[in-house]
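A quick write-up on the structure given underneath.
The letters A, B and C name the chains in turn, as written, and every chain counts its residues from 1.
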Amino acid sequence: MSFAVPEHGISAVLGPNGSGKSTLLRLISGLLEPDSGRITIEDQPVGTADQRVGLVFQEPRLLPWRTALDNVAFPLELAGVGAAERRERARSLLELVGVSGFADARPHQLSGGMRQRVAIARALARDPQILLLDEPFSALDALTRERFNAELLDLWQRTGTTILLVTHSLAEAVFIADEVVVLSKSPGRVVARVPVPLGRPRTQQMLESQAFARTASVLRAHLAGTPAELAAEEARAAPVRDVLETAGAPAFFDPFRGAS
Amino acid sequence: MRFASWVFGLLFAAALVVGCSSAPTPTPEPTPTPLTKLTVGLGYIPSVQFAQFYRAQQQGYYRDAGLDVTFQNEIDPNLITLVGQGAVDVGVADGTSVIPAVGQGVPIKYAATIYAQFPDIVIAAANGPIKSAADLKGHSLGIPGEYGSSWIMLQALLASAGLTANDVDIRDYPDFGQAVALQQGQVDSATAFRNNEPLQLAQQGFATTQLTIDQITPLPGPGLIVGTATLTTKRDALTAFVTATLRAMDEIVANPQLGLDDTIAQVPDLGSNRDSQLAVLQATIPMWSSPYTQLHGSGAIDQDAWTKSLDFMRGLPGSNIPSSLAVDQLVTEELLP
Amino acid sequence: MSSTRHAWRSTLLSVGSAAVVFVVAWKLIVVIANYPPFILPAPEVVAQRFVSAWADGTIAPHALATIQEIVIGFVVGAGLAVVVGYLLARSPLAERLLSPYLVAAQATPILALAPLLVLWLGTGLAPKVVICALIVFFPVAVSTMVGIRSVDRRLLELGRSMRATRWQVFRFLELPAAMPQILGGMRVGATLAVIGAIVGEWAGADKGLGVLINLARGSLFDFPLMYATLLTIALIAIVLYLLVVLAERVLVGSWR
């Protein structure tokens, strides 16, 4: 397995269960040590629990006995930051992820989505260079998930943190990332690195676009292990596609962004 | 929730009533019955000190008197309530316990003197400085605890010398090791039973001075107690019991060996060391009589002594004995021959 | 009405009605079975004696002595138990080595150990504190061990990802996570501590509620006082239990 994630970019890691996606994240964050090979951030090798990395797990993993504010402040507390300073920082992070009104709520009082936002805020607490997210929205319902994808992009635009997102959702990977790294099933290998030919900022409209669909089918083919067949199919479909593109795309009403 | 606790309360009440409905109610003695059953409570373990009861049982004096006697072992506080309740017909209990018990409404009476001399005494090393009650001042004294007949005796003894417990350094030995402590020199004096510790210490070569209370305050020693209800319903049986017991007692006084033999026949475990048991019995026998009983017969109750004791106990600090309590509520001689 | 106040009110109501039923049942038994006061005094007699014994200072010094024994014994026993429980949770070796002793200590009846302790330590405060500590130790140690062991592994991994030190993991993750279990063990321990104190006093003491029971029963033959003392002991146990519940509310709140 070998790939690079560009600074300030977003990469997605897509793979079936058992491909070692979660292990990969733990290796990058320094929770696990590789048996062989190197992982570096800006050419510096990754240390144990490297604090240049912010980690968001699949479940929020908030401390249930702490308020949202104190949860976000937790990594700072461990690092010895004073109470007033860390609370202030936590407050601004909560605002960043859009839950500033719930600073004093306990996790059990928050919805799943809000908890995950708090987890993201916490991961940003120590201003990491890279934010790793391990299927962070897989526990949310589909609608919320779409919304969170958009908000994650929004967050990225505001903070500029490098993001590496592990997902098993094709749509999510394509929507969010600049490049999708496809892993095979166990033992996981990098099967392909597929660039996403969509402009920024990403809109919901793009979900319907040809470029999206094409990228998605490329990914699907790599996942299924049939890239060659895809190329053949592409060739057959090319003339029809050209006609459609020149005729213009149908009018589209995006419930999130208004009429196109 | 309220309903549940109401149901629970009812069940609880029902269970208690059912479980306690076996509370004994006095029934009149049917005439004539083969043998009247009597339960007799004797101290907290079997001992050669109860030889007269064992002899009367072994020699059939009880049976001849139409009684079917069974023995039980209970400690004083339990025995007093059991006798008051009627669950035990007659028991051997401290006279000094009878006074507060009757004062608090326990329906019992002291019906016969067994120990005419008070068993609790204070002992000290024979070659030491303590020869009288007054000498106790400023010295240390070992006692099981500040309760019971030994505590009352001690207060009476000290009072006779114008002292109180504050004038003595009292040490508690809840394991009843105060005599051993005396022997080892940990304390200057200790409470003891006249027929017990001084004997054991003497056997080990440690002679003791013994301070007794009888000439100072005539406290009533252990004797037979009966419930006032039982007195009415089983009067004849109880009278027969007392007569048989006193007869056995007199026989043992004349010939202690008889008492030893019958004790071991009744309680074989005590036969493992005949010599020491005989020594205890021989030390016990003198306590069964006093100038008063020699004059008025075995088992006689010295009402004058009781009056003095009642007044003394009433005056003790922390006493709850009502001023209206009179001796005729405490004792009765109707069962004596 | 807020939910907490509502909860308190319904607790008070159920406790109150249970108490009323109990007293009524008691009175009924006394009346129906016609018990004399030296066997079972009526509830109003005991209540009156309770009030008078507190008013004239009969019970107070003994209650103070017993409470002292309980509090010190509980603190010592529970404190040690949390430490040992933590060790047992973290070290399978420690568990294998120590468990036989713990179980043996727990299995030996306190009633049998108490006189021995008095023999070794005298009739002062020390043996009662030891007995209380012993009786409190096992439930708190076990509940601590279980609580620490059941801390969510995912939270521990979170701690690792944040480079928490051993002490930080204990203080910020393990202890708060295990707190409900630990406090649950302490609830049991608090009521057991009361038993321990009384048993310790019966083995040898000159003051305390256990001593007062014996005095009332065997020297004074004041049976209402004996029952009033029992009532005092029960009240102390209830108060202690409620204190632990309160601590739980404060330290844990309701994050479930």
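What we mean here is this: a contact is a pair of C-beta atoms (placed from the backbone, for glycine too) under 8 Å apart; a residue touches a chain by one contact, two chains touch by 3 or more.
Treat the numbers as computed from the prediction; the structure is a model and nothing was measured.
*Asks:* Return the chains shared as contacts by chain B and chain C, ordered by label.
*Replies:* Where chain B and chain C might share a partner, there is none at all.
*Asks:* Specify the chain most distant from chain C by Cα centroid.
*Replies:* Ranked by distance of C-alpha centres from chain C, the top chain is A.
*Asks:* Which chain is most central here if centres come from C-alpha coordinates alone?
*Replies:* C
*Asks:* Out of every possible chain pairing, name the one holding the most C-beta contact pairs.
*Replies:* Counting C-beta pairs in contact for each chain pair, the top pair is B-C.
*Asks:* Can you check how far apart chain B and chain C are, centre to centre, with Cα atoms defining each centre and the answer in Å?
*Replies:* Roughly 38 Å, centre to centre.
*Asks:* Need the CA-centroid distance for the pair chain A / chain B, whole Å please.
*Replies:* Computed value for the inter-centroid distance: 90 Å.
*Asks:* Hey, how far is the Cα centre of chain A from the one of chain C, in Å?
*Replies:* Their C-alpha centroids are separated by 52 Å.
*Asks:* Mind pulling the residue numbers of chain A that touch at least two other chains?
*Replies:* Not one residue in chain A touches at least two other chains.
*Asks:* Among the residues of chain C, which are close enough to touch at least two other chains?
*Replies:* If we look for residues of chain C contacting two or more partner chains, we find none.
*Asks:* Which residues, counting only chain A, touch chain C once they are in their complex?
*Replies:* Touching chain C from chain A are residues 29, 31, 48-49, 51, 55, 57, 59, 61, 63-65, 74-75, 77-78, 106-108.
*Asks:* Name, in rising order, each residue of chain C that touches chain A in their complex.
*Replies:* 154-155, 157-158, 160-164, 168, 172-173, 176-177, 179, 252-256
*Asks:* State the interface residues of chain B toward chain C in the complex, per the touch definition above.
*Replies:* Touching chain C from chain B are residues 1-2, 5-6, 8-10, 12-13, 16-17, 20-21, 23, 75-77, 80-81, 84-85, 97, 100-101, 103-107, 145-148, 151, 172, 174-175, 318, 320.
*Asks:* Report the residues of chain C in contact with chain B in the complex, numbered from low to high.
*Replies:* 10, 13-14, 17-18, 21-22, 24-25, 28-29, 32-39, 115, 118-119, 123, 203-206, 214-215, 217-223
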